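Comments concern the structure below.
Labels for the chains are A, B, C, D, E, F, G and H, by order of writing; each one numbers its residues from 1.
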Amino acid sequence: MQSNQAAGKSIAKEPTGRIEIDFERCKACELCVFACPKGCIEIGAKINRQGYAAAFFARPEDCTGCAICAETCPDVCIEVWR
Amino acid sequence: MTTDVVMAGFGGQGILMIGNLLSLAAMEEGKHVTYFPAYGVEMRGGTANCTVVISDEEIGSPVVGSPKACVIMNGPSLEKYLPDLRRGGILVINSSLVEPSNVDRDDVRLLSIPANDIARQVLGSQQLASMVALGAYVALAGVVSMDTLFECLPKVISRKYEKFIPLNVNALKEGESFARNHA
Amino acid sequence: MSRGAAVIHRTLMKGNEAICAGAIAAGCRFYYGYPITPQNDIPEYMSAHLPRIGGTFLQAESEVATINFILGTSASGRRVMTSSSGPGISLMQEGLSYMAGSELPAVVVNISRSGPGLGGIAPSQGDYFQAVKCGGHGGYRMPVLAPHSVQEMYSLTMLAFDLADKYRNPAMILGDAIVGQMKEPYEQTPYVSSVPAEKPWALTGCAGRPRQHLKSLYLKDNAIEVHNWKLHGKYRRMEEDEVRFENYRLDGARIAIVAFGTAARVSKTAIQWARDEGIAVGMLRPITLYPFPETQVDEVARKVDVVLVIEMNTGQMLQDVKMSTPCHDKIRFLGKPCAMPTPEEIHGEIRRLAGKAE
Amino acid sequence: MKEKGKGGFGKNVYRRPESLVDVKTHFCPGCHHGIAHKILAETIDRFCLREKTVGVACVGCSVFLYDYIDVDVAEAPHGRAPAVATGVKRAQPDRFVFTYQGDGDLAAIGTSEVIHAANRGENITVIFVNNTTYGMTGGQMAPTTMLGQKTSTSPYGRDFRKDGYPIKMAELLATLEGTAYSARVATSTPAQIRKAKEAVRKAFDMQIKEMGFSIVEFLSTCPTNWGMKPIDAQKRVLGEMSEYFPLGVYKERKQADFL
Amino acid sequence: MSRGAAVIHRTLMKGNEAICAGAIAAGCRFYYGYPITPQNDIPEYMSAHLPRIGGTFLQAESEVATINFILGTSASGRRVMTSSSGPGISLMQEGLSYMAGSELPAVVVNISRSGPGLGGIAPSQGDYFQAVKCGGHGGYRMPVLAPHSVQEMYSLTMLAFDLADKYRNPAMILGDAIVGQMKEPYEQTPYVSSVPAEKPWALTGCAGRPRQHLKSLYLKDNAIEVHNWKLHGKYRRMEEDEVRFENYRLDGARIAIVAFGTAARVSKTAIQWARDEGIAVGMLRPITLYPFPETQVDEVARKVDVVLVIEMNTGQMLQDVKMSTPCHDKIRFLGKPCAMPTPEEIHGEIRRLAGKAE
Amino acid sequence: MKEKGKGGFGKNVYRRPESLVDVKTHFCPGCHHGIAHKILAETIDRFCLREKTVGVACVGCSVFLYDYIDVDVAEAPHGRAPAVATGVKRAQPDRFVFTYQGDGDLAAIGTSEVIHAANRGENITVIFVNNTTYGMTGGQMAPTTMLGQKTSTSPYGRDFRKDGYPIKMAELLATLEGTAYSARVATSTPAQIRKAKEAVRKAFDMQIKEMGFSIVEFLSTCPTNWGMKPIDAQKRVLGEMSEYFPLGVYKERKQADFL
Amino acid sequence: MQSNQAAGKSIAKEPTGRIEIDFERCKACELCVFACPKGCIEIGAKINRQGYAAAFFARPEDCTGCAICAETCPDVCIEVWR
Amino acid sequence: MTTDVVMAGFGGQGILMIGNLLSLAAMEEGKHVTYFPAYGVEMRGGTANCTVVISDEEIGSPVVGSPKACVIMNGPSLEKYLPDLRRGGILVINSSLVEPSNVDRDDVRLLSIPANDIARQVLGSQQLASMVALGAYVALAGVVSMDTLFECLPKVISRKYEKFIPLNVNALKEGESFARNHA
């Protein structure tokens, strides 16, 4: 079906977007981690000055620039380009 | 004899629990003691700290301007409390999270203990870092006996976590021996 | 405090919780309140403990509602308590005035915070005027007790219930974040009641007796004047019978500190240090802020060279000290609003007053 | 003492209810507070509650409740009667507890207290007398004042753009889960008086059966402050007032265990 | 009061209405309130007059709401007033504390009634403590003006607006039913502003400037202490610059009455009678109750044989008199709660103190 | 400064709204207050209102509104924001005025103020964040706390027989004549966030068109006091919370002249 | 019709009831005057101690003892026998 | 010279209006004057009363313990105020509603005037009774001139009732002449 083909296309490892996460501002709430439909974000190991193991952009190659992570982040840590 | 200590770190590091434990032990040993926590700043996060004063006499102020000891579990707390520490006072820092080179005073008795690392590597849980630090502090200051601390553990650990008491004993001991070896 | 024969053991307890323990020991089975820092331990403790002993904990929708729940339960003849801090206590002023006017007992705890307004939660004694001069309208009075230790948080709460019942009047515990949040060992001394338990004035339904009411409205002729003279008589009796204070190391003192609550507690450290240096300093610590130990302050003032009033505000009890004694020229003041003077600061001031070099 | 049965009429068919104290009231001529008092007293008699009742008086023209109803009464600060009643009922769940409140008292300053008492399902009964004005203080605008009504503080008439709308408490309180019974009645005709009695009886019954919060709103006159003759005031209730504030039962819980 | 060149004519006016006239003259265009006896003339007058001159009258749902409407309009930089009596003023205490903490000006009128509680509507000065010591939490202060005539109801209201703006603080008019309900001729003197009209701190939207806020919360470090010292500085300035009082026939007096408001007004009759008999009696009448004329009371007390404090309560200002002067042994008190002492009673007391046979 | 468009992506599709001050917030990890703040700021930007707005902060976790939203802000006593906003709006009818309140603030201590502001049709907008608890003071029971929910003052769970029912403010306020718009939204999914923005936009629009009182209730998390991980808290909102507090628009006035 | 006859009967000058009005307590509000279906009550000329021209039982002969006046009187001035 | 008068009667009898009128007249004549009404007892009905003090000097108290004159329009007011009236004071009673034999003092100057009857019979409206009584009092006490009273009438009578001013003038005159004839 058409839609399947379309879906197939977007799965292709061609990022159509890019995000930046503010390391110091992140509180490691993981909301973006669960929100990202592509699973691009993960919690890291480094602890920031607030004491949190901030999230990081783990899989840039899958990012579509849909901005769902950014919309979701309560701390406005994520900026998105497409 | 009167002594006092300020303990500080991130919320969730167990600062208030070790302050409580120390106070209980002091009471158990018949001493006068006061424990004063930093109480809810009407929001979460940030730092937690408490002051414990232990004495043979009636205690006046439960809060002190220049403490005789500090147990510092994270970076921001070092900035906040180091300036107040009395000359010659005891400073225990958790070097897993606090950079020892940030200690810009040489008139204090510094012990750098990688509490988180010890807790994780030796005991299997970072949760125990503050117990490690308390063990170290008590070893240095000698305000109460280690055994009294052990005895009092069941009073600060809820029934639900009873099974972790031996682990906490070990944590205190780890801290103690680290202090004895590095002081 | 007199001790019974019962075995008494020491417990490490938070001041706020000791208030709860005292209230429960004194037979209080009703607590209403609304959350506010730094006294939340009290409703939290009560919500956990009262239901277990057949008591009632109810969180009100506001402090205005709270004080009126209190009024209703007090009118039913039951011992009842609430607690709050600054803004919440302000909202209770109308209700407190009604309770004083209707002669209804209750214990109201103010674990005060910094003001004015939302202020902050730094320790403060800024609510002295509100508590002691009574912030509600109409010129009523109420006993105000100022504990300076966890032990007193416990024992003065029991006393507050007795005073409230004895005079059919609200009584207040005025604490602050320091005595409220600190823990220290205290002895759970048994409660020995000093007042009769019967409350024949309570509204319980008029079975077997004429109906009765509890009210503060007196419209006819000079009824309100008569009522006020009656209340005034009670206040006079409080002033005669209920003054409580501590003399701390006043023997031979040339400097007398007057301080209450946390400020007094901290002063003790400074006095210890100064005495160790040979400075003749002591303290008169009012335990009842109302009735104020006027005579005692005057007597001490006449004996010493300097009266040093210390408060965690810019000078409120100071006025009561001046009112108590004509020795105005001996009076000095050390105060900080919304902050605890450290033992070091007080010690410094004592040394200065004693003429010691810095 | 009155001669009973004089002239051959032996059966006394109307006399002062037992719980209504035999004194003159301070109410103005034609004020319906008097009727509401009578109905209240009759219902107390009917349920034989006189000796187990604690009433709570509000601040308003009905503050002297304790002089008129022969039961124990506490006086609440203005608006706080439901809170005081809560304190009484929690302490004495086996006593019958009611409040009697005006519309300034209940619908203005006491809004929060009555809403939360209802929401808690506080097992008390509220008699609420809505006369669209502050009677005791001399006829100022109330939250229930009708649009266009001139009062001493709405001299140009209540304007919805500035003062909002007359608030409908019986309806509002009926929306709350804890409310067991909410009705609006009037007392301007014999039929209305009968219905009002029935509503108060039901409200009492709710409390007795521990069903939760019950309230009866009385549409009432205030001839003095409306500047009307009593009979015209009564007509106003029958007319524009009941048009805006429809009479009826807005909620009636059927089952005690309401969850 | 200084008079402009304008033709001034005398009008017979009620005290309460003179307050309204004063407020409107001073540019107040916003009034919020809630009915309560004996001040209902004020909202009634305002509801009739303000709409005609483009002002806003809004009846609030309660006094708690009232004081917060006031806060909002004051924060908008407008002159705004409310009035109430005992119970209503009690309900405003939290809001007043917030306004003091947020440094917001407004005029609050208390036409006091009898208390405590619902009390009654007999004239009383029972709210002195509440007004002067400030019944809200946190130890703020506010200017309290006590008019004793219809003229002063007018002129002191204008002054209250100026003081409020000058210090960015609430100011209170403390009257009672007598000065509120009485009518007498007064002159509608023109308002001459003593303060700048600009309020750069007002919240008007941040066009062309950084955002600003009005608040009383200071949580960080010792910010609340710093803030309180700032407020304290303002209070000190008030104490230095704003004391107002009347010396009435104090020339050569051996007896000095200290009384305010209605009690002072009544005392004038008694003083006239006593002076006619050759008794050397006069009066110091505090017009500002806060700041209290401490120095003036002390000076007078040192000169005379007897200081007779007269109040319509059981002794509240009395404490401020004692605080002001060490001459405690000269101080006598004549008071009645919730009732006006008659000229006859005061005259009798003066005679007694002057050693005249009854 | 961040590199823009790095890696060939030239269009910035999400960045901090202009009216949202570029500072760290004090909110706990995963707290939805942050999301509500973002939406509020975005809507201010959208209507270009930043320079003509006066906000009113409440007492609660959101008290620091003035540190985060780049507009003039007054701080109200706990619960009184709608009264303060009334004072502001009456003085400056041409300014945009909003309050931001928690559920303890609005549905407990501030019940009366919000109801009467709504009833007057006060032309202000209320952002109401319902997280079923008192966040700032450490998680006590709120009027919106769910039945059975354990909080620090309902340690045995909320019991309707004692504490009453979670109160539904969006529905309650919708019953009042003066209310122009009342909706309940959540921010737990991208779709919900979109709807929430739409609701806030509508609420703003009501004020701009002088239609009267508007309110948007946000179902929000308080992971800290619920003792839950943020993601689980979010699930609770999606589950039991929205079941009891249904999302939707409860009132939407269509015509400006509403009488 | 039956009902007419019945009505006819009760109109007959045979009082079936009797009321008493408390002169001192009456406030002359006239509610009873308007309420009485038989028009038995009128406002008098005598002023009582409260200052009101109290109502009086003007037409006892018509009284049916229906008690409507008494139910209506806000001041509980009327007692009824039948 | 200072004089004062208490006026009292039922609410609705126009007591406050005559008090106001007298005060206005006194002001008009350049005198000091205070007027103090019994203010809302938070309910209707009952009695109304007011006190007027008139003087050449600054007036102290606007309320007096023992008034120099009383104008009593109904029975209850006589009971309330008679005991306070000063020896030798003026007592005007409305004998239409007050039984003169209830005046149990003979140390006062009593004028019994059937004010309601005069108002009804001569003037056609009982509403004018208090004006009649005021006329009588002013005739006896001479505190202000009758003409000033007449002049001030428009200030106390609302525009709506303007047409009744002449009737009020007559009422004052009736009272005056009754007083002159019976004093």
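Remarks
Everything below uses one rule, namely that a contact is a pair of C-beta atoms (placed from the backbone, for glycine too) under 8 Å apart; a residue touches a chain by one contact, two chains touch by 3 or more.
This is a predicted model, so every value here is computed, not measured.
Path length between chain E and chain G in the touching-chain graph (shortest route): 2.
Looking at the partners of chain A and chain E together, the chains they share are F.
More C-beta pairs touch across the C-E interface than across any other pair of chains.
Measuring from the averaged C-alpha position of chain B to that of chain G gives a distance of 89 Å. Chain centres here are Cα means. That of chain B falls 41 Å from that of chain F. Centres computed as Cα averages put chain C at a distance of 63 Å from chain G.
The geometric centre of chain E is 34 Å away from that of chain H, both derived from CA atoms.
For chain C, the set of residues touching two or more other chains reads 37, 40, 58, 61-62, 64, 87, 94, 98, 102, 117-118, 121, 215-217, 219. Residues of chain F in contact with two or more other chains: 27-29, 63, 75, 77, 108-109, 111-112, 116, 136-138, 143, 162-163.
For chain H, the set of residues touching two or more other chains reads 40-42, 45. Touching chain F in their complex are the following residues of chain C: 34-37, 40, 43-44, 47-48, 51, 57-59, 61-63, 87, 117-118.
Interface of chain C with chain B (complex): residues 10, 12, 37-38, 40, 121, 177-178, 180-185, 265-272, 340, 342-345. Looking at the complex, you find that chain F touches chain D at residues 108-109, 111-112, 115-116, 119-122, 143, 147, 160-165, 167, 171-172, 175-178, 259.
Per the touch definition, chain D reaches chain E in the complex via residues 59, 63, 75, 77-79, 104, 108-109, 111, 134, 136-138, 140-141, 143, 152-156, 162-163. Interface of chain F with chain A (complex): residues 2, 4-7, 9-16, 20, 24-25, 27-35, 38, 190, 193, 223, 229-231, 234.
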